[in-house]
Amino acid sequence: MSDKHSIPGPLANEGLPLAERGLFCDAPPRQYQRANKITEAFWNWARAQSLWILGFGTGCGAIELRPLMTSRFDMYRYGIQPRPTPRQSSVFVIGGYASVKTLKRIVRSYEQMMGPKFVVALGSCTINGGMYWDSYNTIKRIDQYIPVDVYIAGCMPRPEALLAGFQELKRIIRAGRGEGQNEYARKFEWYKANQKQVIKDWNMPDYNW
Amino acid sequence: MSRAKAPYIAPAERAAPDLDSGKYLVMWQGPNHPGITGNMSLRLVIEGDSVVDCETHVGYLHRGFEKLMERRLWMQNFPLVCRIAVPEPDFNEYCYAAALEELAGIEVPDKAVWLRTLSLEMIRLASFLMWIGGQAGAFGHGTIAQWSVTMRDYVLDLFEELTGGRIYHMYIIPGGVRGDVPAGFLRRVLETMDTVRKNLDDIELVMFHNVVYKMRAQGLGYIPPDWVDQYGITGPNARAAGLPRDLRKDLGYLAYPRLSFEPIVGTVSDAFERSRLRLLEMYQSIDLIRQIVDMLPARGAFRAKLPNPLHWKIPAGETYVAAECTRGEYGFYVVSDGGDKPRRVAVRGPSYTHGVALMERLARGVNIADVAGLMVSLHTYPPEIER
Amino acid sequence: MNIKDFIAPFAVWKRAFEKPFTVRKPIDERPGAPRYRGFHINDAKACVGCGSCEAICMNQAIDLVPVAGLPAKEGDSGLRPRVDYGRCCWCALCVDICPSGSLGMSNEYVWVDADPEVFRYTPGVEAKPWDKSELGYRRAEGYRLLDGQRVAMPELDHQAAVQSFLELVRGYSRQQAEREADRCVACGLCVASCPAHMDIPGYIKAVRDGQLDEGLNLLYETNPFPEACGRICTHRCEAACSIGAGTGADGEPADPVAIRWLKRYIADQVELADYGRALPRAEPDSGRRVAVVGAGPGGLAAAYYLRLQGHAVTVLEKDEAGGGMLRYGIPEYRLPYPALDKDIAWIQSLGVDIRYGTAVGVDLSLADLAASHDAVYLSTGLPAPYRLDVPGDDHPRVLDGVAVLAAATRGQSLGLGKTVAVVGGGNVAMDAARTALRAGCAVDILYRRREADMPADPDEIREAKAEGARLVEKAIPLEVKAIPLEVKAIPGDPAGALVAWNEARMVQKEDGQRPVPEPIPGAVHEDRYDSIIAAIGQGPDLAFVAESDGIEIRRFKPVVASDGRTSRATIFAGGDLTNERKDAISAIADGHRAALAMDRLLRAKGN
Amino acid sequence: MITAILTRVGYALVSLFVITNYGLLLIGSMARISAKVQGRVGQPVWQPYLDIIKSTAKRNSISHGVMFYLGPVFRLAGGVGTYLFIPAVFGSALFRNFSDSGDLLLVMYFIFFGQLGMALGASEGGHPYSAIGVSRGLAQMTAFEVPFALSVIAVAIQYKTLDITAIVAAQQGGFLHWTVATNPVAVVAALIAFLGMSMHNPFSVVIAPQEIPIGPPTEYQSNLLGMLQTNRAIFNGAKLVLYMNLFFGGATSLPVMVIKTFLIYFINVFVGQAFPRLRVDQSIRFFLGAPTVIGVAGVIIALL
Amino acid sequence: MKELITSLANRYGVRDWKDLKAGQAACFVDSGRLRDCLRWLRDEAGYAHLSFATAIDQLERGVFTLTYALRNHERGHSLLVHSEIDRTRPVVDSIHRLWAQAWTYQREMKEWYGIDFPGSPRVDEEFVLEGWQGPPMMRRDFDSLAYSDATYAERPGRASSDPAEHMKRELYPEEQA
């Protein structure tokens, strides 16, 4: 773990064909300063009121997002809506267990999201492996690989619990504690090391999304 | 509408497009994509606006169920199996429980048989309701998705009341079920069925008498009848092609032989016909649920006595238990070596054939815009492909 | 395609004029269903910490952790389940299996936190908002993963039983035993309650697996009297058994696993001739000599374990056969002599030398014994009966319960007459009463307190009553009187006596103490019995111990350390003589412990 | 002169500010109406504001080169340009904007200017979804252009001018003077084209999330997205005002404008909620079919 | 049914016919004749539907048991056709030309068990795993828990006590020895 570097050194984009490197923009994660107090508070308020979820159902948790998105629970009225592209999303809902193959996409999608970005982790599987604690293909703790803002207990957490989680996330954001993006940049090498330990065929750039 | 017969091409014979020619674009649909069912992906090679080649990539949800089951006691697998197909956990529970009962020679009380049938029919309805939302949504009709998912939620309310769980019911336990119906439950079932039925009427009107939906769905993903056996197609996908194959009738498991229903058969298995057929099956499920509510025995044991689950050993043997789920033949192949853990449990999900081999074949020549609709019209759930 | 296809879709707008489906405040308005499997709750008082929840949990979500303020005690490990919500899948199998029924689930389902470390808690111990939740998943009525009912033991029916000394309890068949063994969850709560700390889960597993040799081996590790204990053990283990905690499917208290019968099953199934296959042989001779005084269970247990270590053991027994109270204090219908003989025969087969009819203090002195042996174990038990301690208790028709039982063992005529009063509430009283019943007598059992207070095994009381004994509760004997001559003069009537007793009521004298019987003034009855059997306990007889032996004696008992050592280093004592529990299994445990200590002593000496 | 120009510019800025807010509220309220059809409550009316503030408040932003930046800029310029050459309220100095003779052509040009700029920028994003979205968008645009252009031609012919103010002026004097009454056929063609132009169902395949996640703007984020969102409000407002002016008699006051544009926009939602979306080839075929014929008929009617 | 059993036995040496339950039977065929047998069952005996194909690792006996579940819809009968192959040289004929979805099962068995089906399309491609470096994970000598423990970090701080051991410690510690 390295706390010394706020900006990681250049990591090789190994495994990526030279031709493809041009497709990715050169934007290594870095820490961002907060704006002045009042502006930041206003922005945080707006960030909390407009949560765009990345529409990536990574696990079974996605099934309870459906009712949440639709009429019965209607998350739109809380300013929450799904968004199909990571570039425009601010919230990543990790829907429970993450297989190694999905983790790779999670990391990639997470890095593509623009900060400030927030992660909501659903269910037991994200906390300590859940019922797949002995599976060869699922990770046990998502916080080893990306920073997490809110955990919601349950298997599956019901839509109401999800809503409660989003309300909690809003409180966290308004209080200015939703700093996952900076956390990720600060401990970037640690996260990368963890990710690479699990994702065996690392055929993607380290950060140049 | 062109509903032409496509010639059979074995996957081995597929012509691999020359990607270096510059004619083609490789595009991934999924896993992070709203137009994909669950967490899987399609690697599409496209030329202009149509798909030249399609490869299904699965494994994003692979948890190694079959391996994990070999590590767990017979009873401990009971909470595990329902996770294999998230929208329809009950079929897993039933197949697993029935396989164990067969191997161990356990007689299930009649009441449990009825309650199992009830829960299977209810989840069939719920799953179809979610599916129809997906199907409409895949063609851009979000309104129907909003309605139908709500209707599904009403059915899930019933499940919550009966089983204590919304998504994972864990109700059909080896030996029977886990509880009797609560007071007033059956009345609420009937009320909910009325609500759902009313809403289905609306959906029928809006979705199936819709010029745009017809333009999109008719002729899309046509499955010739002779593909059914070739590709191992089951369920509504096969029935839409005119084959009256319904395991509820063919195997006559649970209380189905005592219920009156006929398999619903279509004429031309394309996306439209398949979705219409599933709509009819929803009506059929509502009807079956009403019949079950009428015929459910008022009293009686709901569970057979089982040995101590902590060291339950099941005599050596093997069995394959199949049930008709919303997508077709859902089966558990269970092998016991006489120990307290399964030797092997293999899960046969209908999506396995529909989502991989069939999808890859059907996607060829389809417009990219239709890929999502085609995928949904085959009704695939990736977790049962990769387990 | 027709015009309807263009028009009909606009029917969607119908919904715009209806009430929305949306739930206004989902979190507040939608409590979980009455059966909802929400967060765990646990009645920490009812929970016995058996860990069945941990065993069934496929997620390894449950840990058993010690809890401050809940010490381990018999039948309660003092551990409580701690749930990890980083593992749980809310399947509620833990609730279904919980033998005590203490685990449940609330219908609460919202738990959100930014800190992943908080999702672990001990339900019922760490306060949570949902602790008081009335709703939520509980085991359905009549639904229990563990069977709360034990396999019924085939028994002679009482009408037939009372006619003979045939063994009452027939023993399990293989199928029955395996079914009963199947009920065990191997929590091990019983082990602490067993004075000998037998590996109960181990041998039950052996029964389940049909590995009887293995089972026998496990039995003999701590108890060389499996045949006897399998029949007459006070089975404190069964009181501690977690399966017996809570209620069964029928709402009645659940039955504990029939641990004693399973032990008996193992011993019964293996022929003596096959014991050698399963059990260890004695070590090579160590050259040390040990004497054991008294061939009761304790003495023979000590002898067995000493002999296993290779020491030469001589057992001195004043009676003509071994087994002590097992033989002379317990009637044949409970413990048939062949079964006891089997246990003793195996001990003897290892080379233990038992000298019958040799009484220490009469035939040779303790001092001699101590001089000629490297160590001595005293297990002389409690041979001296207590007297009734009422006027007239020296009446010839007042008999001693143990003596009556011993006479029955020896096949002597009992001469009890037709009506018998048994005074006392212990197992000896019950055995005497039932022996009297078998002799054709009408039997009244007089006991000072209520039936619930009786120290005897409830089964014994139940059976005694079933066989026709009349239980007179709250009866305080006042006096035994000779029958006046005019009454006695009925020809052919054996000599009897009159028992005067006072009706009592139970009075709670001090809080926390058990109620005390207090005579109701004036309510004095006088009944006539042919014999009165006093069975109110026995005491030790240490006449053979001389002051010069150097054994400190307090309150008529040798003072011993926990390993049985008396104040004299080479002399050990145990069993009823020193042990407050006064049952066979405690004596055996004492013998075993003392044997281990003596072995250490002897080995130390050798080096 | 300078004062006059400055006044005019100042008025135009006020007008732009008003239309931006109006556009945002319009989007917000339409989302609520759609929600009602779907049986739910729906997002707050002011949600579009929050979304824009949120987008602007993003801390980082990635770029794919200069063109990528210019896309939203062009798009916004297109939106603003379109609006600024349409008189929003007839006879109002404040809302007259820069309308002048021949502004109709300019407006037509600006409508496509934004789209094309966007197309260039989005293609630069390197994402295949963007590229496909762009090609679909342009294809569909070319298709709905035909009926739209025909109806505009019909209007121009009918009123013999390319000055929007003059067109509006010609329609004054009651409903019967509106183009919708004088040449309903052309209006039908224009309205059908409008469905395509505003990318509502059944012609929303360009931005369909289920197929090519949201099409051209796939790669746009942060302040660039904020720009696009702002433009969406302005551009929508501009198109609605244009339609109102060309076909529905214009507006003599702000409330009338609000009512008319709201209703015109509602047509989109009304149709959009009822239908799924067509494939791009289907919608092209559609636009080049019946609507084109109707548009031609409108021109002929205007010529007669 | 009798004639089916006989002709299977005569043609392909099918043995160990066992009726598992009403409407389901199992039989055994040598791996060399497996493909022909399946083809005959499909074309001549009406077992046209392949429900699934899978393998069972018989580690103790050093073989893989292959299971092909066929269904005859006309007769309402299912047949589990078993065959065994050596665990050290797991190669068997591909049936991808018999059923159009069979190659997926074969690809799965290749990845999960390491059983090779020469000629089967994409049989060497990864199926559900990505970057897997361990042995085929469905083999019984692969320990999933050990792999998981070694690879994936667990949240620390868990400890459990065994009731019997705990009580021993608390109630009669002197007998520890």
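When the chains are written out, they are named A, B, C, D and E in that same order, and each has its own residue count from 1.
Rule of thumb we're sticking to: a contact is a pair of C-beta atoms (placed from the backbone, for glycine too) under 8 Å apart; a residue touches a chain by one contact, two chains touch by 3 or more.
Quick caveat: nothing in here was measured; it's all calculated off a predicted structure.
Q: Can you name the chains that touch chain C as well as chain E?
A: Where chain C and chain E share a partner, that partner set is A, B.
Q: Which chain's mean C-alpha position is the greatest distance from chain C's?
A: That would be chain D.
Q: By C-alpha centroids, what is the most central chain here?
A: B
Q: When I count C-beta pairs in contact, which pair ends up with more: A-E or A-D?
A: By the number of C-beta pairs in contact, the winner is A-D.
Q: When the C-alpha atoms of chain B and chain E are each averaged to a single point, how far apart are the two points in Å?
A: One centre to the other, that is 23 Å.
Q: State, to the nearest whole Å, the distance from the C-alpha centre of chain B to the C-alpha centre of chain D.
A: Taking the average C-alpha coordinate of chain B and of chain D, the gap between them is 43 Å.
Q: Give, as an integer number of Å, the spacing between the C-alpha centres of chain D and chain C.
A: The computed centroid separation for chain C versus chain D comes out at 89 Å.
Q: Distance-wise, how many Å sit between the C-alpha centres of chain D and chain E, to the nearest whole number?
A: About 60 Å, centre to centre.
Q: Counting only residues that touch at least two other chains, what does the list for chain A look like?
A: 55, 70-72, 74, 77, 84, 101, 127-129, 131, 133-138, 141, 155, 158, in rising order.
Q: Among the residues of chain D, which are close enough to touch at least two other chains?
A: Chain D, residues with two or more chain partners: 35, 37-41, 129, 209, 213, 273-275.
Q: Two or more other chains in contact with one residue: find those residues in chain E.
A: 128-130, 137, 142, 144-145, 155
Q: Among all the chains shown, which pairs meet the touch rule set out at the top?
A: Touching chain pairs, listed by label, come out as A-B, A-C, A-D, A-E, B-C, B-D, B-E, C-D, C-E.
Q: Which residues of chain A touch chain C in their complex?
A: Residues 71-74, 77, 121, 124, 127-131, 133, 141, 143, 148-155, 157-161, 163-165, 167-168, 172, 177.
Q: Okay, in this complex, where on chain D does chain B touch?
A: Contact set of chain D toward chain B: 37-40, 128-129, 131-132, 136, 201-202, 204-205, 208-213, 273-282.
Q: Contact residues on chain B for chain D in the complex?
A: It comes out as residues 25-27, 33-35, 49, 136-143, 146-147, 150, 206, 210-213, 215-216, 367-372.
Q: Write out the stretch or stretches of chain B touching chain E in their complex.
A: Residues of chain B touching chain E: 8, 10-12, 14, 58-59, 62, 64, 66-68, 70-71, 102, 227, 229-232, 234, 243, 245, 250-251, 317-320, 322, 329, 331, 333, 335, 343-344, 346, 348, 352-353, 356-358, 361, 386.
Q: Please name which positions on chain C make contact with chain B in the complex.
A: Where chain C meets chain B, its residues are 1, 4-6, 8-9, 11-12, 14-15, 21, 32-37, 52, 55-58, 89-93, 96-97, 105, 137, 140-143, 145-147, 179, 182-186, 205, 208.
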